[in-house]
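Below are structures written as C-alpha cells.
Here come two complexes built around chain A, the first alongside chain B, the second alongside chain C.
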Partner chain A sequence: MAAATAPAPPPPGVRTRARDSAASWPLADRVGLACCWAAGLALALVAAAIVIYMAWKGISQLSPSLLVQHPTGDVDQSKAGGFLDPIEGTLLLTLIGIALAVPIGVATALWLVEYGRPAPLARAVESSVEIIAGAPSVVLALFGLTVFSNTFFSFMSFRPTGADLAYGRSFLIAGIVMSLIALPLVVGATREALLQVPNHVREASLALGKTKAATIRRVLLPTIRPGIATGTTLGMGRIVGDTAIVILLLGNTLLTEPQEGLPGFGLLRGTGSTLTSYVYGNSPAGEGNAPEKAYAAAFVLMVIVIALNALATRLARGRDGGPAWIR
Partner chain B sequence: MPEAALAARLRPARRWSRPERAELWLGALAVALLALIAGMVVFVFRQAWPSFSGNGLSWFLSGGNANTQLADIYHSPADPSHYLYALRAFPILYGTALSTGLAVAIALPFSVLCALFMVEFAPPGIARLMTPTVRFLAAVPSVVYGLIGILVLAPWINTHLVSESFKLDVKPIVPIGGGGLLLATLILTVMIAPIMIAINADALQNVPRSWLEGSAALGVNRWRTMWRIGVRTARPAIAAGVVLATARALGEAIMLAMVSGSFIFSPNPLDGLNFLLEPVQPLAATIVVNSEGLTVKPFGQTLYAFAAVLLVSSMMLSITGWVVRRPLRRQGVR
Partner chain C sequence: MDPLMPPPVRRISLEHPPTVVAPDADAPENAGASSGNGTARSAAPAPNAVERMRCDAVTIAYAAKIAVNKVDLEIRQGEVLGLIGPSGCGKTTLLRSLNRLTELTPSAARGGRITLDGEDLDAIEVTALRKRVSMVFQQPNPFPMSVFDNVAYALREGASRRPRKPQLAEPVERALRRAGLWDEVKDNLDHPALRLSGGQQQRLCIARSLAAQPEVLLMDEPCSALDPVSTTTIERLILELREQIAVVIVTHNLQQAQRVADRVAFMYLGELVEQGTSEQIFHAPQAQRTRDYVGGAFG
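Moving on to the complex of A and B:
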C-alpha cells in the first residue's frame, strides 16, 4: 500500500541535517567558515610539528646514560657527559619554590576570602599579588640578584674573597624568587576553590560550635585540597619551565656545587644548573653550543612540563572548567 | 565534666584567643607579602632613577647607537661622580613595541577564528582534540620555543629569505642572520595565541544559549549567528585575552634573546620586506643578555631602568585588564 511505503515524518524534536548547510550560505559567510577551518587546522599543524620534531630529535639523541651521568664541560660531545646535575637542579629548585609558595599562597588566599578585613588592605594585597602575576620574571630575578647580593644575605650564598658584595646566586635564592612566580597561581587556585565552597558548609560548622579557625582547619582545608593541588601543580610547571631566573640567580655552573657548611644547607647555598639553563647554555645562544644535548634535555624538560600540566588539568576537572591553567 | 573545667570554658575569652590569633597570623603573612611586593616596586624605581634623571626625557628618544652607549656605560669610570648614564633607549622600546604589537595583531584574528572553530564549527572528533592541543602549546617552556627557533627556523630564514646583497649592504651597520623581527614575531605569536584562544573559547561557550537560539530561530545562519552574536558578546573577554597575551609577550625574555638577533636596532619600515629580517632586542631580552654587568653600578642602574619600564607597562596592563573585565561581570558572562 502507498501509505505504508511513504517515509514517516520525523518525530518532533529531532533536527534534520538539511536545516542549515554551509552550501546555501552567502559567499562571505562561507569564506569566514573556511578561515575558521584554516585557523584551527593551522594550530593543530603547528602543535603536531613541534611534537613530532621534538620527539624525533629528542628520542634519537636521548640515551639512558645521559640521564645518570654528570656533565663535563668537554668540547668533544662524546665526552661531555649527561645531564644528571641539571635534572637534580630542576627537582631541588622546584621543591624549594613550592615549599615556600604553597604555605604562603594558601594562607594569603585564606585570609583574603575568609577574613579580608579591613577591606582596603585586602584589596591592596590582592592587587600586589596581581602585580607579581604580571611582572616579567626577569624583573623579579634582577630584584633578587641585587637584594641578595647585599652582604647581610651572604649566609644564603657566599662572599667571594676580597669582594665587598655577596655572590647573590644560589639554590636557596633562586628558589625564593621562584616561589614568587608560583605564588599567584597558588593564590588564584586556592581562592577559586574557597569561593566555590557553599556558605552553608561554613555555617554548619560554626553552628556546631567550632571556631572560625577550627572551621578553616577541619572543614575548609580538606574541602579545597584539590584546588590547592591544582595551584601547586601549575606553579611547579611554571618553575620548571622558567629560564630567566635560573640564568640570573643560579650561578650557571654546570655541576651542582655545594658550598661548605652544614650538609643540607651547604647544598642550598651552592650553585648549579637546571634543565632550562642547560638547554639555553647548549643552544647557539649560550656558551656550550651542543645542539644534540640541547634537544635531548629539551625533550626531557617538555615531558616533565606537559606531565605536570596534564596532572593539573586532571585535578581541576569537574570544577568550573575555566581556563585556570593559563597563568 | 568537672566544675573547674566548665568554669574555664565559660570564662570570657582572652583578647587574642585562638580564633582571632588565626586571623592575626594569616593577616600578618598577607601584609608581609604586600610589603615585600610594594618594597620591590619601590626598590626597582629607586635603582632606576639615576638612569632616568641622568638622561631626562631623552632616555625615551632615539639618537646615537644604543649598543655603544651601553658599552660606554659598562666601561664608565669607577669614580661615582664620573658615572656615565647617556642612553637613548628608543630602539629597545621600539623593538619591544614592534615585536609585541605585531605578534598580538596576528594572534588576535587567528585566536578568534580558532576559538570559533573549537566551540562551534569543528566536528566533535576534532573539537575534542583541540583543547589538549591548545593546552600543549601554552605549556611548552619558552626555552624550547627558542631552541626550535634558533636551530631550525633561523638557519632556514637565513638561507632562503635573506638575500646576500642585502646582507652585504648593511654589514657595516647591522649584522643580519636568520634571527630578527620576523622570527621573533612568529614564535611570539605561537606562544601567546593559546592564551587568547583559551579565553576566547571560554567566553564563546558562556554566551547565553538563548541568544544564539533566538538568532537561529530568526533564520540567521550559524556563521552569522556566531559572528554577530557570539563574538560580539565575547568582546570584553577577547579584550581581556589581548591584555594577558600582551603581558606575556612583554615579559618574554629568553626566547626573544635567542631568536631576535640580539642586536639593538630599529628596523626601518622603509626597507620594504627586509624590514622584517632586521634584528631587534626587546627590553626583557636586553636585561637577560646584559645581566652579567649588573655589578657595574651605572650599568646595573640602567638595567633597572629597563626593568622599571617593564614593570610600569605590566601594571598598566593589569589595570587595563581589570577595566575591560568589568562589563563581563556586569553581563554575567564572566
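Moving on to the complex of A and C:
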C-alpha cells in the first residue's frame, strides 16, 4: 500500500534526504557530539594500538617452529623451546569447559524461558547465573581448589603420598571450573534467542497435537541454533583468555603431564599449562623471564580470541538474517 | 496399526443424511445465556451441514477481565463459520478455546462447556484433541525445516524424524495438493520452508494443519499478512475445504467474511451479539450493534 503511493524513485545521483547538519545546533549540543566522536575514536585508537603493538612484537618473535616444539625450562631464551604444550592445554581445556557448559547452559535457558515456574525458583536461578557471571575467575578458582582438594575427588587429580588431601589440580578440575565462566554466556545467548521466537510458532506446533517436549526438540532447538553457537563461541573466548583458573587449578606445569590411568583419563587427571599461563610465566612478571616467547605466545592468543569473537558476531547475525518471523 | 501414523480420523460420510441441528431447536436454553440482548438467532444451516462442535455458555476470562461472555455457538461441517467483530471483542480467544490453546495462558480460565462430536473437550487428551481441531495462525509460521518436513511434522509421532520419505511422501503430497501448493513446491521439497513467499508460507501452514487430517480447522485471520493474490488463493481453498472439514475463520475484514463465510457470528465486547447466515448478517441484521458494525458506523 505504501509502495503504491510512494513517489517515483529519483534519478540516481540526486540527494533525496534532507541535509542534516550540526552547524545549526546550540553550542552545548555540538560539544556533546564532539565528545561522543572523540570517545569512539579514542577507543578505536586504543584497540588498534594493542593489535598493532602485539602484532609487531609478536610476529618478529614468532617462528613456525615455536608452534610445534615442547617448551623447556631454560633461563636462556634461545633454549626455552616452543609452546606446543600450552597450545594443547588451551585446546583441551576449552574442549572440556565447553562440553560441560553448553548442555547445562542450554538446558538452564530452556527451563527458564519455556517453563520458569514456580516464578521464585526461576528468579533464584537467574540470580545464581548472574552471581556466577559476576564472580571473578580467581574466586571461582579458589573455590574449586577447596572443593576438589577433598579426598573424595582424588580420582580427578591424584593424592600425593602421605597427604590427607587430593592434589586438586588437573585438566578435568580446571575444565569444570572453566565451564562455570562460560556458562552464563551460553545461558544468556540461548535465552535471548528463545525470547525472540514468537509465541505463535510454539503454538503452531502445539496446535498440531505435539507435546511441549516435541516442540522444543524439533522446532525451538533448530531455531535457536545460531544463538547457542554465539554463546558457545563467546564462552570459548572467555575460557581461552582466562589465567587465574589455569594457574590455580591446572598445576601450571610447563609440560602437559598425564597421570597414570586409562590413556585418555590419565591426561584429564594430569596437569599442564595454557597459552595464558605461559604468557604470564614468561613475562617479566613471571619466573621464566622470557619476554620474547611471551610476546609470540600472546600474539597467538590474541589471534585466537579475535577470531572467536569475529565468529560469534557472524553467527549472531545469522546466514539469512534468521527466519522471517524472527524480527 | 502403524504406530508412526496418527490415529484414524472419524470420517463423516456425506452419503448418509446428516443430522442437521437447527439453532432454533435449542433456543430456550440459549435465551438465558445470551444475556437477554434480545437478538434473534435464526441461522438457516446449509442443507448438508453437520454439527461437529458446540459451545454452551462459554465464558473465558483472563484474570478478572472477561474476554468471552456466555457464548453459544455451533460449528458445522459443510459450511464456513466466520467470526467477525472489532479488535479485542474476544473472537480470537473464543477460537483458541476450541482447541484449548487458551490453556497456555496461565491466567485464562474457562467456564461453560465445549463439545466435539458430543464429547466434552476437557475429557479429550489435549494432543489428541489438537490433532482433530487444528489451527492456522495470523502470521505465516513455517518451522525452520524443509517444506517436506514441515508437512510431515504433523504425521510423525512426537519429535521423531522418521519414518523417512517413502511412507510419508503420499500423505505429504496429498496435504500439499489440498492446500494448492503442490505444483509450486513439488520440485523443491527439500528447500527451507522459510525461503517461500509469504502466501506460499501460509498455504504451507494450511497444508501442515491438513496433513494430520483434522475434523475442524480454525483460522485466525489467515490472510491479514498477505497480498491480495495469495488472499484469493487461500479463500478459494477455504471454500473447497468446507465440504470435508468444519472451518472457522476469524476475520475483521468484513468483505472477506462475506466472500467465504456461509454463517457469520458477530461478537462485540465478549458477547455474541448475533449469528446467522452471511446473507442475514450483512443484509438484514437484527441487532442495532450488528447493523452499525456491518454498516461501518464503528470498528
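Keep in mind that, in the parts below, the second predicted complex is superposed on the first by the 276 of 327 C-alpha atoms of A that agree within 3 Å, B and C clash if a C-alpha of one lies under 4 Å from a C-alpha of the other, contacts with A are read in each partner's own complex, and residues count from 1 in each chain.
We adopt the following convention: contacts are C-beta pairs under 8 Å (C-beta built on N, C-alpha and C of every residue); 3 or more make two chains touch, one makes a residue touch a chain.
None of these values were measured; they are calculated from a predicted model.
Using the contact criterion defined above for the overlaid structures, shared-chain residue A:Leu142 touches chain B, although it does not reach chain C.
Touching more residues of chain A than its counterpart among chain B and chain C is B. When the two complexes are overlaid on their common chain A, residue A:Met54 makes contact with chain B while staying clear of chain C.
Of the two partner chains placed by the overlay, neither chain B nor chain C lies in contact with A:Asn289.
In the superposition on chain A, A:Trp25 makes contact with chain B only, not with chain C.
When the shared chain is aligned, no partner comes close enough to touch A:Gln259: not chain B, not chain C.
Of the two partner chains, neither chain B nor chain C is touched by A:Gln69.
Legend: residue contacts after superposition of the two complexes on their common chain; A:Val201 is shown touching chain C, with no touch to chain B. By the document's definition of touching, both partners, chain B and chain C, reach A:Ala213.
Under the contact criterion defined above, the residues of chain A that touch both chain B in one complex and chain C in the other are 211, 213-214, 323, 325. On the side of chain A, the complex with chain B involves touching residues 20, 22, 24-25, 29-30, 32-33, 35-40, 42-44, 46-47, 50-51, 53-54, 104, 107-108, 110-112, 114-115, 121-122, 124-125, 127-143, 145-147, 149, 165, 183, 211-214, 216, 237, 240-244, 247-248, 276, 279-280, 283-285, 291, 294-295, 298, 301-302, 305-306, 309, 313, 322-323, 325-327. Across the complex, chain A meets chain C through its residues 198, 200-201, 203-211, 213-214, 217-219, 222-223, 320, 323-325. The touching residues of chain C, counted against chain A in their complex, run 6, 99, 101, 104, 127-132, 134-135, 137-141, 143-145, 153-154, 158-159, 161, 194-195, 198, 201, 205, 208-209, 212, 218. Residues 18-19, 21-23, 25-27, 29-31, 33-34, 37-38, 40-41, 43-44, 47, 110, 113-114, 116-118, 121-122, 126, 129-130, 133-144, 146-148, 150-152, 190, 193, 195, 197-199, 202, 216, 221-224, 227, 244, 247, 250-254, 257-258, 262, 284, 287-288, 291, 294-295, 300, 303-304, 307, 310-311, 314-315, 317-318, 334 of chain B are the ones touching chain A in the complex.
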